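The structure that follows is given in the form of structure tokens.
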Amino acid sequence: APAEPALILATTTSTQDSGLLDVLVPMFEQETGYKVQTIAVGTGAALKMGEEGNADVLLVHAPSSEKALMDAGFGKDRFLVMHNDFVIVGPAADPAGIKGMAVLEAYKAIAAAGAPFVTRGDDSGTHKAELALWKKAELDPTTFSPDFYISTGQGMGASLLIANEKGAYIFTDRATYLANRDNLRLVILVEGDKALLNVYHVITVNPEKWPKVNYDGAIAFARFLTDPETQKVIGQFGVDQFGQPLFTPDADKTDADLGL
Amino acid sequence: MTFDRELLQITLLSLQISGLATGISLLIGMPLGTLLALGKFPGRSILLSLVNTGMGLPPVVVGLFVAMMLWRSGPLGGLNLIYTPAAIVIAQVVIALPVVTGLTAAALQSLNPRLRLQLLGLGASQFQVVLALWREARLPLLAALMAGFGSVISEVGASMMVGGNIRYQTRVLTTAIVLETGKGNFDLAIGLGLLLLTITFLVNWALTWIQQRGARR
Amino acid sequence: MSALLEVRDLVVRGGEGDILRINSLDVRPGEVLAVIGPNGAGKSTLLLAMACLIQPAEGQILFHGQRLEKRNSLAYRRRLGLVLQEPLLQDISVADNVAAGLRFRGLPRAEVESRVQVWTERLGIAHLRKRSVRGLSGGEAQRVSLARAFALDPELLLLDEPFSALDAPTRSRLLDDLQSLLSETGLTTVFITHDLNEALLLGDRVAVLLEGQLRQVGPPEQVFAMPADADVAAFVGVETVIPGVVSESRDGQIIVEAKGLHLEAVGDLQPGRAVFFCLRPEDVTLWKRETGQKSSARNRLSGRIRRLIPQGPLVRVEVDCGFPLMALITHASAQELGLDKGQEVVAAFKASAVHLIPR
Amino acid sequence: MTFDRELLQITLLSLQISGLATGISLLIGMPLGTLLALGKFPGRSILLSLVNTGMGLPPVVVGLFVAMMLWRSGPLGGLNLIYTPAAIVIAQVVIALPVVTGLTAAALQSLNPRLRLQLLGLGASQFQVVLALWREARLPLLAALMAGFGSVISEVGASMMVGGNIRYQTRVLTTAIVLETGKGNFDLAIGLGLLLLTITFLVNWALTWIQQRGARR
Amino acid sequence: MSALLEVRDLVVRGGEGDILRINSLDVRPGEVLAVIGPNGAGKSTLLLAMACLIQPAEGQILFHGQRLEKRNSLAYRRRLGLVLQEPLLQDISVADNVAAGLRFRGLPRAEVESRVQVWTERLGIAHLRKRSVRGLSGGEAQRVSLARAFALDPELLLLDEPFSALDAPTRSRLLDDLQSLLSETGLTTVFITHDLNEALLLGDRVAVLLEGQLRQVGPPEQVFAMPADADVAAFVGVETVIPGVVSESRDGQIIVEAKGLHLEAVGDLQPGRAVFFCLRPEDVTLWKRETGQKSSARNRLSGRIRRLIPQGPLVRVEVDCGFPLMALITHASAQELGLDKGQEVVAAFKASAVHLIPR
């Protein structure tokens, strides 16, 4: 067993809620003897924990914020792990008529129709991805009426429920949507666009900044995630339950391959 | 809205919701607690246990339960209350009610039981007796009030669940704190926490002042 | 139905056994019924039952011939003035305490205030009106409790040892006051006391309660002079109670043999009848041994003084005449006779002063 | 571990943590509340207000604050307590302490103040007086205990924050409920909630039984 | 230092003013000091101060010459037996209440049990030992409170109206008991009472407290027969108190002019001196108007009976002789004389029975 077995993994609620970590973490522990403490928090909080050395390794999905963290020198290594994709879901009645549209067209149609749209508003990876698309569509959501642009400040699952109740459109990751599908009457309206990739990276916290961090464990975990065996497991995860995989393994690709 | 105005709006909403919830809990809980303390009926003891259990109702469970009632798919979906301040008030009443009821019962049970006989002997109706006993137990009843208010103003699980933490509509101080914590804005979160505590302190300071003016020393 | 309040077949249970068991007790309109009895006899319990404040296990209470039930109990309680044994005041000002019952009845403000004024003054607590009840002395608290009941102008007063904490002058002044108030207004009163003097002074009738049972009810003279049984006798203070047997009886003259002595008494019991021979200490006269003086007293017993117990202006003297005989005489007499412990004296008492209780 | 064994482990951990936190809160809060109720010192009234404010400490704020202390970057980081059951106990003590303290103070203040003099007059030391007064106020003190236990067993914000909801290590019933809610497993969440309530009920039923055995009726 | 307990320059404040202000009061070893005074005089407050249970604003209490302070107060309190006016029992069983003080002292279990047994029996509450104190009657509660203090075998007993709720027979039995206990053990006692008889009976000395101030301390005879001032006189029951002026004085013989009458008294006050003329009702003899009989009484006043107030075996008679004069006579005499309201009588009293208080 390693000299310092305790390893703190800060990740986002969406990875935990999908159940993927419940599969991967025990594998890693068995292989290496590390004890992983998985802390599921908001993306912002996870990055902050890395920045302050309160976590050893991060598994997050907010590429632009991740880059800022790396540039500031708080992160040491950063590897691409996997991706899934974002979709726009909404009521089956589809009042703005966006079904099958490209994502930017769909945004414009929703704004034009003034149909209710739920946003997480919590600076999470998903929220940031959604905002980036508004920007690309040359719309400024801060100018929208709060009755139409509903900011929940909550996690994906809760926000989906609110959208469901309000009959609103919402930008979500596919995994969480699938996990909650039984409780929802929302259907997928926009999907498959290249702009809708949700990319996860693993980042080790820089021991030069924070001598107390367990770098050996962190790098071991990063290697484990990008190991071909593990990648195969990731590729199979969710098939049993949803009939389709929830994530696509990406360790053999580069950011550029995914358009980042 | 500017940040300051939004903060003010959130703060006022928190006070309104928790104040209203506490008020309703008092309105129901004090008579109920009185009945449990003074009444004689079968099942009284079980009821008291249930009420005391209620003091430990987890807000998330309450939130989930109330939400399931109020969702469109739920039995009360037709009322369209989910994700409104009213929904938060309902959930908070469920949380504060057992606290107020249980502490009211404990407060009245520690009065001299013969005082009640003396009051009846002075010609008090049952209602007048209750009022007089409340007056007599005003010290522990104020503690019950403060515990009830404290339990709702600080509660987050239920507010989140049934209110939805929707900006400008149902975002209250505690849910804002959770949001900022999730964003990693720990300083802002702590700042909001201090604001919340200051408000609670001011409310309690006023109540404690009333309470201690009437303390037996 | 001439009785104002009737107690019928009342049984109150508590703990292991019966606290109270009363077949029948009437309170007549306008009378003062004094209830006496030792501690734990059930006096306070009786009062609570009369006030309709405890649920008896059996029996009923009638007021003006009407059975008291839940339905009419509030109306009944609003015609009562109740003073419990312990002055249970509310934790508010003295004036508010005195006003409490009046406010319960919804009386107009001015009326409440004037009655509070009158009664706090009458009970000597006017200067305390604005004070909180905390820190009141025992007597002050009892006065508040009395003022609170009197202010209600009730039809029936129920008082449980209302003067026990009052100082002597106030007590006697209040007793006088109460006496004139009662005779003026004809207010019906049930009055519990452990002070036999108070019972004698105020009571039109006296009820003796022993171990939860009513042993005797009657005019005070009768109860005090002719106790119904030995327990009542012992309680009301007929302090010499000796068992004996009637040995002769002729023309209302009786000789009782007790402790080897032949004692004369008045009555018509048959010879052979076992009796208690009872004597009140104030009916016993003491003479110096050497005095040859004659007197009308039929019984003359020699004895030796065992104890002298001063009691106010009086002295209680215990004489050993084969049995302990108590005599109550004035200080002056004691001095004149030069009484002292161990001294031989003659105790004399009239046959008519003896009370025989069959046993 | 099977699901049943995991559930058992979570339940036992919840009970251990909340029991310990309640115990520590009693150990500190009862003497403190007693001092506030019976002592005479400057600032007593302000302290009482602060304690009563503490009844309304939002668990999230407490959790955040304790986490900031215990994180590696915090002043107590060296203790390596973050994300351990001990950390949850610490946070829960912060939450339950004001509840226990405030209700203890209220309970003792409603006793007859002369009883204390009588006890001293019987030769009781200050410590013996306090024990006797606690015995006298056992009814409202049990209510305080139940309110304290209820506040921690049901709390989630702080447990989540300082415990991390780590499976097999710091996952307790409330955090498991939040997790399942997040996963959309509402039925399981409600089931866990009912389990939690059943446990709280059993604890309170035992306490209420003790309490009512001693009630003045 | 011969005093066991000394009170020096004591001032206790409360509310607006001073509750108690005592320059000096000593309790001597082995004595019984009876403290009397009207309600609200400060008696209970004095007792609390003596027990070191309230912090006086000024002054100090010394025990065996040692000043009582926080440091030694526990040791002191463990030598006390304290009975407060209200029996404040703990909400536990009767036996546990009686045992409380013994347990505080850490006495061995067997010792505690045997003392509890002894004292519950002595106070007639043995049958209540296992009962909770709830539902105890007033008198039962007071007995528990007494047993609790007596069981401690204290060096100093502080009793605040300890017998106020007891029934007459128990009270007199306990008084007798206490008296013999005290004389056996030489236990020092401070005893508050509102019953003057109790003060007379038990007190070696009597202290009179009025409005927070000590007005007189002395042997009971002295206090009752020669009150230091008019207030004390009124309180201790010298019921006739009339203002007058000394008109003549020769060889210890004094004539006082009061209400137009010339009354004889004994003393050496100068003519012109204003006095209160005080008379105890038991020193007044009543005669029927027609009786020509001579007597040794120097003062003879004619008057008309205004009221007859029965008081136990005695009758208090109020005679209007230009001022109200009280006489206390036996029932027998009243009957013999056929006294009745409105009747004319002669009231006689000896010059030596008059007590003059300069004003």
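Labels A, B, C, D and E are assigned to the chains in the order they are written; within every chain, residues are numbered from 1.
Criterion: a contact is a pair of C-beta atoms (placed from the backbone, for glycine too) under 8 Å apart; a residue touches a chain by one contact, two chains touch by 3 or more.
Just so it is clear, the model here is predicted, and its values are computed rather than measured.
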(message) Keeping to the contact definition above, tell me which chains border both chain C and chain E.
(response) none
(message) Can you identify which chains form the pair with the largest number of contacting C-beta pairs?
(response) B-D
(message) Between chain A and chain C, what distance separates the C-alpha centroids? Give it in angstrom.
(response) 90
(message) Between chain B and chain C, what distance separates the C-alpha centroids? Give it in angstrom.
(response) 55
(request) Take the average of all CA coordinates in chain A, do the same for chain B, and state the distance between these two points in whole angstrom. (result) 37
(request) Two or more other chains in contact with one residue: find those residues in chain E. (result) 86
(request) Would you pick out the residues of chain B that each touch at least 2 other chains? (result) 112, 161, 178, 181, 186, 216
(message) Going by the contact rule already set, what residues in chain A reach two or more other chains?
(response) 49, 155, 158
(message) Can you work out from the touch definition every pair of chains that touches here?
(response) A-B, A-D, B-C, B-D, C-E, D-E
(request) Would you mind writing out the residues of chain B in touch with chain C in their complex? (result) 112, 114-115, 117-125, 128, 132, 135-136, 214, 216
(request) Write out the stretch or stretches of chain B touching chain A in their complex. (result) 67, 71-72, 82-83, 160-161, 164-169, 171, 175-176, 178-179, 181-186
(message) Show me the residue ranges of chain E that touch chain D in the complex, using the header's touch definition.
(response) 48, 51, 53-54, 74, 77-78, 80, 82, 84, 86, 88, 90-92, 100-101, 104-105, 134, 148-149, 152, 158
(request) Write out the stretch or stretches of chain C touching chain E in their complex. (result) 14-15, 37-40, 43-44, 85-86, 124, 131, 135, 137-140, 143, 161, 164-171, 176, 194-197, 200-201, 234-235, 237, 280, 282, 309-313, 328, 330-331
(message) Under the definition above, what is the set of chain D residues touching chain B in their complex?
(response) 40, 45-46, 48-50, 52-61, 64-65, 68, 99, 102-103, 105-107, 109-110, 112-113, 137, 139-140, 142-143, 146-147, 149-151, 153-157, 161, 173-174, 177-178, 181, 186, 189-190, 193, 196-197, 200-201, 204-205, 207-209, 211-212, 215-217
